[in-house]
Amino acid sequence: MSDAANMLVQAALTVMVILLLPCAYRVLSGPTPADRLQATDTITTLLIGIIILLALLQGSSFVIDISLALAAFGLVATLAVARYLAEGRVF
Amino acid sequence: MVIGEVVGLILLGTGVFFSAVGIIGIIRLPDVYTRIHASGKVSTLGSISLLAGTALMMPEAALKLIVLALFLLITSPVASHAIAAAAYRQGVPRAGAVRDDLAARAEQSAAAE
Amino acid sequence: MNILFALATGIMFAMGVFQLLRRDLIKAGMGFYILFTAINLLFLAVGAYNGSVPAYVDASNRPAGQPSDPLVQALILTAIVISFGSYALLLGLIAVSSRRFKTVDSDELDQLKG
Amino acid sequence: MPNVLLIGPIFIPLAFAALGVTLSRYRTLQHGFGLIGGVLAWLSSIGVLLENLQGNILTYRLGGWPPPFGIVLVGDLLASVFAVMATTVVAAGILYALGCKDKCVRYPAFMPLFLAMGAGLNGALYTGDIFTLFVFIELMVITSVILVAISDNRLGLEAAIKYLFISAMGTLFLLIGIAALYATFGTLNMADIGRLLANDQRPLLAQAAAVLLMCAFLLKSAVFPFHFWQPDFHTTAPTPIGSMLSSVVVKVGIYGLIRMMTLMFTAEAPLIQELLIILGIIGIFFGSLGALRTYDAKRLLAYSTFGQIGFILVGIGWGTAAALSGALVYAVNHAFVKSSLLMITGVVSSRTMTKTARLSEIGGAGKTLAVTSGLYFLGGMALAGVPPLNGFVSKVALARGGISAGHWLALGLVVGAGVITMLYMFRTWQWIFQQPPAGEFKLKPGGDSPLAPALLIGLCVLLGLYAAPLLDIAARTVSQLSNPQLYIRAVLGG
Amino acid sequence: MEFVPVIVVPFVLALAIVPASQRLRPEYQGWGLAAVLAILFGWLLALLPTISEQGAVSAAISWMPQIGLNLSLYVDGLSVLFALVITGIGAAVMLYAGYYFEDARQVGRFFALLLAFTGSMLAVVMAGNLLTLFIAWELTSIVSFLLISFKGSDAVARAGALQALIITGGGGLALLVGLLLAGTAAGTMELSDLLAQSDVLRSHPWYGAITVLILVGSFSKSAQFPLHFWLPGAMAAPTPASAFLHSATMVKAGVYLLARLSPMLGDTPLWNAALPVVGLLTMLIGAAVALRQRDLKGILAYTTISQLGALVALIGLPEAAGIKAAMVGILAHALYKGALFLIVGAVDHATGTRNIDELGGLWRKMPALAGVTVVAGLSMAGVPPLFGFVAKETLLEAVIAEPLALAVVVLSAALTVAVAFRLVWDIFGGESRARLPQEEHRGHDSHHPYGDDAYDYSHIHALPGPMTAAPGFLAGLSLIAGIGIGVLIAPVVSPAVGKTISLYLLPPGGINLAFVLSMAALAAGAAIFATRRFWLSWNLPGLPGGEQIYQYLVSRVERVGDVLLRSQGGKIRYYLAAILLTVVALLSTAITRTTIIYPAEMMAGVASAADILEIVLLVLALVATLASILLERHLLAALALGVAGYSIGGIFLLEPAPDVALVQFLVETLATVLIIIILARTSEEERRRAITRLWGQTNTGLKRDVLISATLGLAVGFFALAAVNSRPTPNTIAAWHLENALPQVGVKDVVAGIITDFRGTDTLIEITVFGMAALGVLTMLARPNPGKTWSLFRRPETSESPIKDALQEDAERPEPVVYRSRFADPVTQLAAALVLPFATLIGLAHLLYAGVAPGDGFTAGVIGGLGVALWFVVYGYEETKRRLRWLHPGPLIGIGLTLAFANAILPLVFGREFLAFTPIEGFSLADIKLASTVLFEVGICLTVFGGVSAILEAISHPKEVEPL
Amino acid sequence: MLFYMLLAVPMALIWVGITDRIMLDGVLVGYGLSLGVLVLLRPRRRKVNWRRLPDQLVALVIYVVELFWDIVLSGVDVARRVLSPDMRLKPGIIAVPTQDPLESPIIAALSADVITLTPGELVVELEDNRILYVHCLDVEATMATIDAEQARRIQLFGRIIGRSS
């Protein structure tokens, strides 16, 4: 990867990380629990992107494994919270 | 610069752009349902675009990234749907809704009982 | 940068302690969790190397930069497992408290005194 | 290969615990495993001690990795003395559990948890690595919390919650201390840290690390003002567990204090010792007066432990060879006495209809239990330091230490507090075993078996009538501790 | 060495008597034991000449030399004199005791105690080592305690016993320190060596402390004012015990010790002042109080106190002038007082009362006993030709030079005479004053101090002969000894005094001052006796006696205890606050003592994009954490916490620490799921109650908490700063791990190498912790039915859950009003069906490629657990358990741990170290290399998977959870 | 078992993907592990119809491609709305029949997934695998097209699950 590309990827990464902030704002401000849940879920999605960019930067493909796990299991927490919101219980 | 890298970078840029738009939507849109539209679609599109870009720039990880994209594709609508359903059952009001068939259905079943 | 990291660790710790001192057991449990997170940050801070690449080695090529301290990472992993076990146990205890004493308020758990 | 003995006290019980979880359907088998594991651990710890007495410090490289890179088990005299004490009491505790009528003893998880707790204890004593020490301590904490939470006493839950929170503080202090040490020296091996601390002038974080480690150990030993959890936790525990907690598990902190002061923080030791004397004396009076006034026979013994730990601390604080060896003798003897007393109280309360040790309900419950009464009386004598039981030897050894230190005020307070011990022990004996029970009173048929406490009391008598070997070992331990180079060389070579 | 049997025999008999007493009648036991003690008495007499010749016999066997404790004997005339008293009085008491008890079951225990006491007391007087002496001394206290509270159901007896023990035991503690100090000062604990070093002791700086401490010990044992009050309380003991312990022997142990140590410590201003002052005061007070007592044993107790005071005073006279009088006094007192106690016991036995006001005229019913009493009483009064008279003469002679002492002695003697007359006359003379039995005293098991039964002696129990004979024997000895004083007593006393002494009934030089004073005291005593109604009617001002002081002190101490216990208030927040405050204080002390060197790079600013990212993530983590504190609703706090956790994971990623980041993400997810489940488990109302009080607490409380957390945060921040700045230290350890991971254990992921190999022990224990925690949660929440346990391969037929209330509650919980019965089923089920297999594969990949990629057995286990969570969420509990029949968390944990331990133990089989890396060479499939660590990883995975499943299962639905 | 053996093939490919080892033994290991996973998880078995299998696969590929395309379209669509000043929102919830006479849950779920990924549409509720309640950003636009779209999709789903039409 060329230096220019490296810089661009770094920039992309920085934007992605900064995007976490408004997302977190939504988690903290709500107003409804569903809003927060949805924002949390979006944070997971953003993190997946961040991890991939990091993998790209560090040149280590194994880092992507982390995002695989995150993609597969971010869902669990989302579903559990959603079910709790909907039915007052998890299972 | 190799052509793959250029395309990859463009895809990366697109991905970041869509992610950003999704986040803007999350902030701007008026209620949770509309925000789910933003995050569920725009961010997913952003992520997939990022994946594609990375796959081009890091071909050795392409397979892994494809699997990851598949995962996102499977999980993203489910999460959106679950959150929307939860919101609805919680009674979160729908901002400026012009029509609500679900509310009508609920009233109908309540009347039946 | 270092000063910020140290500051953050300190603030995290302070918040954990504050939360731990709540009478609501679930909140206090969260404090418990925050504290252990703060400790992990502290461990990260004491790593021997300010690494730039993961602590992965290959027979063929030398790592591109200074690998981060692997020992500290192993310690954090152990600490995470243990603290998570404790946390789960705590949550279990809270669940039993709710069932047995009908409370999650630690101030109401005061039958043992004197 | 005597070195391999070192893994026995830790990993034999753990392996049996693992098997026990797998085969928990077969309770008899599981409990059999428990007893075998306890006895094998006991034997191997004795083996280690015997080897130590030949003049060797045993070391075992786990996984074969050389220190300071890998984890090494170190059996020096200090560790071995504490370990023999611990395995003896734990073996007796397992024996008690086998004859215990508590419901929780029949839970499939009970015996594995018990074994794991014992293993954690031994591991904390034998490890030469400070992070592994933390891990073993956590094993002890977690298992004991569960064992208390599942106690037949429904308030065990409350005590468990409190302890888990407070012990998290200890864990934090320990971890911060470890982090500070690692930041300073880049090593986790205690001998290595000791070597570096001895070579350097005091580096950056060492003193604060010393404070934090000290606090962690004080918390484990329930020293004032870290004691709040202890009476609750030790007395709501099932009898076989409570008698471990209050006798040997609290000693881990004592062990840690001695280890850190003699091996690592030798320069900070005088400051720490001053503090220990103060805290010890506070503990002595707080614990003894608490024991005098509390409402439950088991809780009384827990408060008494609070006080007795104070005696040990003062001994460590005096710091002379005689005082330190007195403290060691005190620690060992107290373990046997306290565990047996708690078991005996458990035997009596297992015979009451509500299975309680509340003084208001247990008064006179032991009137017809002649053997139990005798055992309790002997235990009371031992605790109060009345000859010819082992407590007397402890008292004399400690008092000699005080004289050697010339710390008259502390000596006076320490010895004077013995009167309170006498008052609460013999008053309680009269209360449980002599006075007529109030109102209509019935004994439950077939309570817990008094076999285990009888064996322990026998040991107390034995160690009272002939304590020369113990005194000798304590003296040799102290002389070994006075030269940390022995430990460091045994671990790191050279 | 010929003295050893004298000590050993009683102990052996004490052990033997308990089983023997089952078969032997009490009288026979008494006779037998009396005979044995008589033989010992004879034995001692026979050894007396040897002692007179040699001065002292000593021998020592090493026992616990480290604390200066040896089994030593030191026998001289003093010892033999006391030993003779012990065995002689002991014989009479044994004989008497055989007839004393009506309940034969108690006799064995009583005799055992008496014999143990005899042995201990003999050991006291024959011990040749200060610590040996002390051990025996303490044994006598303990036996005394048991004897006083022999009748345990009597509250007065118990209180008396405890009080006696506390006073003598407390004195014992002082004595112990005194003896240890003396031993340390002199460098030996052996009496024979100490005697040679008396000058060293007397000139030692510790002399004062040693003397005072030893005096306190002796005075407490010998009931000296103001520590005397335990002795009357001790009268609750059975009378034979009182006669033996609390009159003739044990209370004289203090006197013995003073006499024994006076060559070493005596003849100093301190000694010569303390002993006479305390002794004479005690003598006077004892005699005066005795006169006013009602209880017969109380009277005897106070006269004993008085007599003990005299003895102590005598030992304190300069240049051992009083030692002769002391020795004679001991003998005389033992004889008459022993007799009187036995008489009182007989009276009590016959009449059922010990209240002197209710007695009188008994001579008609018990003429023999009356005769005996006259002899013993007159000896006590000091009427010639009885032994008591001689003793009083020697006493007066000893103090004749000290006018004040003389006055006290004469006055006390007069009072004693009056008491003696009163004992004789008011019991046996005059008319009977027995009251009729009273109903209220009949019924309940009285706590009346005067006797076991009511006062009725309208018909008197017939006294067995020996109950008169035994005191008669002692009284007779008083008579014989008085008459044959020079021949019989002088040879016994001479060795004790250390020189040949002469004793005589009448002063050889005719009537002297002592004789005159003795007679005067007699007359004055008679006068006091005659006017006793006057003296007894006096209302003395209620000065606080020793007993009141004791009670006051105990109650004060108890008050302090109550105050201290109030700090144990039961609220965990305060406990935590106290602990944290302490740590803050200690830590700040330590930090201010530390010199800090700030490296220049500390202030180095933001260096790279990675730094910006790290800052963003740190801020995010902090803000989210703060939100989790501020947000009131638990769910929202949990979500915020999740965000914080994910941010921390991001920081780990940047470090870069991918393995840690992965675990952080997974664990964070699981933690969120768990807390949601907890929210579902706990009732809304409970949580609201807890949370509304969160901010409802006082401002001060909040301020305190903020202060504590801020200071601690500051301290830890400081710590972290110092720590961050101390890197990079030249670290050989981390470098070693980086270098050796690939060549030694064949992993690219160095962290994995550390986890599974270099620090495999940590991991092994850590997963044990995790597994145990999970088992604990399962056990706590799915309270297993102890009768039934899980089966490895089969579900139990019935899962009877004992948690009825929880079941009930779940049944009562209203179904949430929702439009559909199950939530979003087909969609989530489809997703789960698609995700789960792949997720499982991810877990397996982590497991098999632990050495080359992030993730290991632990993450695989957590992934499996999260899979189970997904399954539970999507399909519900029943469906999941139906589909995944193999999902038994308990056995999974067990098998996992067993595999992990197998990995640890197997290398031992191959002759390697525990947990050593053991590769299986030549196997490689798709980059998977086999080594023992695979077993480890699988074990870890199963343990964690089982653990997570157990936790999920247990804290979700109590209803269906199968027992462990 | 046959069904599982067939199902294990794509799983083995996924395994190769996630382990990043494109080699034969990797596939073999993956296949073996996948079989094991299937035996453990026990998804409901279906009859394998060899003749329909190619068509099923084709339909599946079409489905996935459509999904990708849908997501691109909807992403762009939502992005346009978000970035436009007034956001042009006419939100509402409308009932959409699945048009599946057999009311198969799988078809309902697939429909829900696709609709959720379609521009401006989000499934909120699902009634008896029969009616989807869809939240849309622009009620009128959606109502205009959705039923026809659904009819087309049903065909595709039928092919994927191998239903004879």
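Just so it is clear, A, B, C, D, E and F label the chains in written order, and each chain counts residues from 1 on its own.
FYI, a contact is a pair of C-beta atoms (placed from the backbone, for glycine too) under 8 Å apart; a residue touches a chain by one contact, two chains touch by 3 or more.
Here the structure is a predicted model, which means the values were calculated and not measured.
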Each chain counted as touching subunit A and subunit B at once: E, F
Geometric centre: closest chain by C-alpha means: D
Chain pair, B-E or E-F, that carries the greater number of C-beta contacts: E-F
Most distant chain from subunit F by Cα centroid: E
Chain centre separation in whole Å, for subunit C relative to subunit A (CA means): 21
Centre-of-Cα separation between subunit D and subunit A, whole angstrom: 48
Approximate Å spacing (C-alpha centroids) for the pair subunit D, subunit F: 62
Whole-Å gap between the CA centroids of subunit D and subunit E: 15
Subunit B: positions in contact with at least two other chains: 22, 24, 36, 44, 46, 60-61, 64, 67, 71, 74-78, 80-82, 84-85, 89, 102, 105
Touching two or more other chains - residues of subunit A: 33, 37, 58-63, 65, 68, 72, 74-75, 79, 81-83, 85-87
Where subunit D touches two or more other chains at once, by residue number: 131, 135, 138, 142, 145-146, 149, 157, 161-162, 165, 176, 179-180, 183, 186, 188, 231, 294
Complete list of chain pairs which touch one another: A-B, A-C, A-E, A-F, B-E, B-F, C-D, C-E, D-E, E-F
Parts of subunit F lying in touch with subunit B, wherever the complex brings them together: 14, 16-18, 20, 22, 64, 67-68, 71-72, 74-76, 78-79, 81-83, 87, 89-95, 112-114, 116-117, 119-120, 122-125, 127, 131, 133, 135, 137, 139
Of subunit D, residues touching subunit E in the complex: 4, 7, 11, 14-15, 17-25, 27, 60-65, 68-71, 103, 106-109, 112-113, 116, 120, 123, 131-132, 135-136, 138-139, 142-143, 145-146, 149-150, 157, 161-162, 165-166, 169, 173, 176, 179-180, 183-188, 202, 204-208, 210-212, 214-215, 219, 225-226, 228-229, 231, 275, 285-286, 289-290, 292-294, 367, 381, 384, 386-388, 392-393, 395-397, 399-400, 403-404, 411-412, 415-416, 418-420, 422-423, 426-427, 430, 433-436, 466-468, 471-472, 475
Residue ranges of subunit A in contact with subunit E within the complex: 10-11, 13-14, 17-18, 20-21, 24, 27-28, 30, 33, 36-37, 40, 43-44, 47, 50-51, 54, 58, 60, 62-63, 65-66, 68-70, 72-77, 79-91
Complex interface listing, subunit B residues touching subunit A: 1, 5, 9, 12-13, 15-16, 19-20, 22-24, 26-27, 32, 35-36, 39, 43-44, 46-47, 50-51, 54, 57-58, 60-61, 64-65, 67-68, 71-72, 75-76, 78-80, 82-87, 89-90, 92
Subunit E - residues contacting subunit B, complex: 818-819, 823-824, 827-828, 830-831, 834-835, 838
